[in-house]
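Next come two complexes built around subunit A: one with subunit B, the other with subunit C.
== the complex of A and B ==
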């Protein structure tokens, strides 16, 4: 194996690694200007997106493709135990991760340039993204869990990088402790699987499951793995940490945690519980059991997953209703959105998986965008409460409109990607028939409830009178005291560009969903067919 | 042939964007868009066989159809599919009429006119989309699109309690839409239709078992009933109406309520005949309740606008009754009634808005004898009230007459229930007119400037149409019957 054939699947990872090392090296050399470090991060993520999209078969970028098409979605030779395998669904997830990282990097270039540790932030951002990219190509449990660790450790540091904010440090500690617990649970689960089957390779585990069956040891192992991963995805009852962490972290980091790293857990779920372990009819008329037809416990495991999905969306929604702070509301809504994604995993058919993936993309755009807006609004001097946003829509029409668009998309209003993703997901559930129909009903009722708290923000922004004097105006116009006003009405070029781009994509994919839905559905079919 | 329907939708979409961007000149852009839209609707009628008179060569299905693939997956085919039959065409006409009347009436709007007129355009775009969509997703998309501008119209330009009303409106109708969406999705996937297209769903749904049809019908009915609105899902309506600005009320009563009736006819009654058949008794019960309760509540109102709002519930009850009869005459009556109600309630809401502008109150008891001071306004109120209570030669009469005839054919003596309620309806309108328009002058002199020309023009247009279609209802009937409805000449 030559170096180039070994390195080919890792092209985007190599770019990110180079970016990380460059930023850290520059930091040692005391080159910490945010334009440079931020620029490197933006360029690296953008290059990564181009490489991944080229590998997915996007014709205009075909010259960048590094992986031979035959290697994508190829099953390993019988008995082989590869550490990684490139699937088209994994590439789709890589693109989503990179997209979230790109927007966060772009938005963060508008952070105060004298901020302590800002350059380290960009390095950690790339490092965390690198770990996520590795998750997306894992085909071995140890490889997978180590990749998750790379991301986790980088993100613990990101939460606390400012080091001046006590809330941030507290959040980082909580995040770290819970993260360590989650790691322990996952590795323990993996070790039980290894004990039962003598391998950690996901393909071999699947083959052994079909041949040997599922002894209690394996079920325990899956249980522990489930708990470990559920922490990452913030499923109820493993969700409580998320709100404090998202709330206490710097705004741009919250954007990355909610819009980016959480999705890594979703793909890990796909790999461990669906991917190579699953036998599904490629058309996926209905759910075929998480462990194929051979496991007697399959349907009841599926039922348990379904219950957790419904619990997650309902609890997240109910608590979001009660929040007075914008970030906490967004954090709880993020928990409920994880519940929607779990619907896809519960059903396990290709349409449902595609729907869940689209939901991941939608949520990455919407939540990253929403937290970036929160970040921008906070930079204008507006407080953290929902009622502090009063009058924002009329005083800052463009920023308000972008935020309104993101909230409407989160609520699932048509002509936005948030509608399309829910539509596809719930269609897949209705189509699967049986009790899956009730997943769709629960999801739809929950999205109806969620409208209430999103509409409340819209009400504050547009219908309620502005507080006097209006901090949203003062930040941009006065500018005398405090830091000098940034361009684009106090937002800064990077943040304004990131928010505008996200808003544009939300509408573009809402009007012409085939752009993303086509590749995603094809990838989902390959993914389940590879397991069959 | 020109893709006329796409041109109509594009006109409205570009008009919406243009209006939002036009700043203080927004009303001119809005007026231009509305006029162009009306002209295009004229073209639609000109090319539609059967207009203006019964010609014998009828349209066997949908006209002006266009189909373009939109979302195409292995398990889901969604098209951009549009087209009109007689029923949709009548509602498109109603949209065009009410849009231009609203724009003219609201000419003096000074509070953020670009936003106001832009949202009016967007509401109309959504309504036209619902009326022409022949694909389930497209239908639902426009259906939901209507909510957003109306939410902002009520919440920003509305009365003192507008924020509560806007939220209530949004949540009620959104929850209903969501139940409807489950019904629509189940309709596609349980029937095994190959795509979301109307024709394929229509064909596939014939094979569904009656029990399944019943459940699907109920899910769809719930979604449409809230929009209608039908007792007991009506409570959002008075709040939304009373708080909405006049233009918003006109669109709300004139168009949004029609979405429910149209949706019921197009996607439930036509597609799920066994479903309709098995829930017919329930529908009759709900219809009678709505007719009765809407009337009684109207009688108790002191606020002119609230009175008109509650009378809508009564009228929509008659529409539901006519639809539930499951007869060709009943459906014709339902469409006529909805058209008539659209024009007349638009007129009445404008009139109550003008009363508010002139006298600073809409409280019927504190107004009186306004005829000498404001003869034009008084005439408009009279025309609206008389048309609403069903005076012959005005638009309400042919519609109600057809409805009661169909009820007699279908239910026999049960027709006495809605007929006796009609007496109450007549009573509350006459009583309102007697107290407000005649007698001793109360409530102070009207606003010194008198009724502005644009408010008179907006109402005048609707009065003229009330008379025109009241005298010549065949203008409407000959178009409506060109529809693929069982038992109609259009099939």
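== the complex of A and C ==
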């Protein structure tokens, strides 16, 4: 194998790594203007999107494809234990991660151009995205967990990147403690699975199914892994940290955490738990005392995952109803959306995984967009409470309309991607028969509840009178000594472009879902076929 | 290694991970919290060592390799934790986790 054929599948990762190193090198040389560092981040993520989409078979960009089509979704040779394998579902997830990172980078270029620590923020953004891309091609448990840690460690630091904002540093501390706990649980679970299976390769683990002599080790291993990964995806009861961290982090970082890094955990769930979910039963051989015995894994795993999914969406929604602050409300809504995504892995069929992937794409767009709007609105001088948004829709019609569109999409209103993704996901649950039907019922009820709190924001924006004096009208020019007003009504080009692009994609995919649904369903089919 | 010996070793790492998680959940001093993280992480690392030495499987050398990687990783994580605690100490003059309460839980 030549070096170029080894490196070819890693083209997007290499671009991101080069961007990270370039930004950090420029930082040492004291070139720290946001136009330069932000420009590098935007260019690197955009190049990454082009490379990944080309590998997915998007014809106009075919000349950029670096991975031979035969290598995608190829099963490893019998007995081989590759560390990474390119799957088309992994490529879809890479595209989603890069899209979220691109929008966050684009939106962040509108921050003050001499902001302290900005180059650190952009460098860490690319580094965290690099870790997420590695998660999407992992086929080994340790490779997967280390890739997750690349992202986690970069994101702890991103939350505290200003170093002077007490709320940000406090959020980083909480994030670090919970992250460290989750890491320890994941690695402990992985070590037990290594003991039971004699390998950490996910293909070999899936092939072995549950035909190992140590069901207790398998069960404990998956239990610890579940707890560790559940922290990353903010599943109830492992969700409490997310609200504080999203609330305390700088707005653009919250956008990346909610829209980007959380989705990495969903794909990790797909990789790790598809095997046990599809395994119908297991009979352990005795002879190892404490670790012998027998166990039927598949149905019990599905039941446990299903219960957690319903709990997550219900608790997230119930608490979102009670919030007065915009970011905390969005954080709880993010938790409940993670519950919807878990329906996919609970069922484990190709349509369900496809629906969950579509939901991940939808949520990445909607939540990144919503947090970028919060960031833009905060830059205009509007407060953090929902009631501070009074009259925004009439005073700032375009920004208000974009935010309203994102909230309607989160609520699942037709003609938006949020409706399509929920429709595909819930119909997969209905088609799966059995008690999975109740997952669809729970999802539909929760969607109905969620309309209440999104509508509350819409009511504040469009039907409540504006506060006087109105900060949203004052723009960034508060007093004579402040920074000059940014273009596009105080938003700045980058933020306005990012919000407009996201709103456009939400409507485009809502009107013509086949643009994304076809490739995603095909990718999910290949993924499940390789796992069975 | 006999079955009995393996059970004993697994009992040791279970105790370590229990002590570590208990420490993470109850300690209020950030440095002690980092030490608890290390204790729990070492339980996972020890598990990889035992299973690599366990004769009946195909575990082979990958267990030792993973051990070395994980030791390096654990050091990285602590370095980041110390960076955060330094920033916290500079801003608030304390490394007590319970006193950082600006964000309501």
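Assume the second predicted complex is superposed on the first by the 501 of 532 C-alpha atoms of A that agree within 3 Å, B and C clash if a C-alpha of one lies under 4 Å from a C-alpha of the other, contacts with A are read in each partner's own complex, and residues count from 1 in each chain.
Criterion: contacts are C-beta pairs under 8 Å (C-beta built on N, C-alpha and C of every residue); 3 or more make two chains touch, one makes a residue touch a chain.
Since the structure is predicted, the reported quantities are computational estimates derived from the model, not experimental observations.
In the model built by aligning both structures on subunit A, subunit B fits alongside subunit C without clashing. Once the two complexes are overlaid on the shared chain, A:302 sits clear of subunit B and of subunit C alike.
In the superposition on chain A, contact of A:517 is made with subunit B only, not with subunit C. Contacts of A:180 after superposition: subunit C is touched, whereas subunit B is not reached. Chain centres taken from Cα atoms put the angle at subunit A, between subunit B and subunit C, at 140 degrees to the nearest 10.
Within the superposed three-chain model, A:192 lies in touch with subunit C and out of touch with subunit B [touch as defined at top].
In the superposition on chain A, A:452 makes contact with subunit B only, not with subunit C. Legend: residue contacts after superposition of the two complexes on their common chain; A:254 is shown touching neither subunit B nor subunit C. Of the two partner chains, subunit B is the only one that A:431 touches; subunit C does not reach it.
When the two complexes are overlaid on their common chain A, residue A:423 makes contact with subunit B while staying clear of subunit C. Nearest C-alpha atoms belonging to subunit B and subunit C sit 30 Å apart in the superposition, given in whole angstrom. For subunit C in complex with subunit A, the touching residues are 3, 7, 13, 17, 20-21, 24-25, 30, 33-34, 37, 40-41, 43-45, 47-48, 50-51, 54, 57-59, 62-63, 66, 69-70, 73, 76-77, 80-81, 83-85, 87-88, 90-92, 97, 100, 102-105.
Put simply, subunit B touches subunit A in their complex at residues 70-76, 112, 137, 140-142, 144-145, 147-148, 151-152, 155-156, 162-163, 166-167, 170-171, 174-175, 178-179, 181-182, 185-186, 189-190.
The touching residues of subunit A, counted against subunit B in their complex, run 283-284, 350-351, 354, 394, 408, 413-415, 419, 423-424, 426-428, 430-431, 433, 437, 440-441, 444-445, 447-448, 451-452, 455-456, 458-459, 462-464, 513-514, 517-518, 521, 525. Those residues of subunit A whose C-beta lies close enough to touch subunit C in the complex are 142, 146, 149, 153, 156-157, 160, 163-164, 166-167, 169-174, 176-177, 180-181, 183-185, 187-188, 190-192, 194-195, 198-200, 240, 244, 247-248, 288-290.
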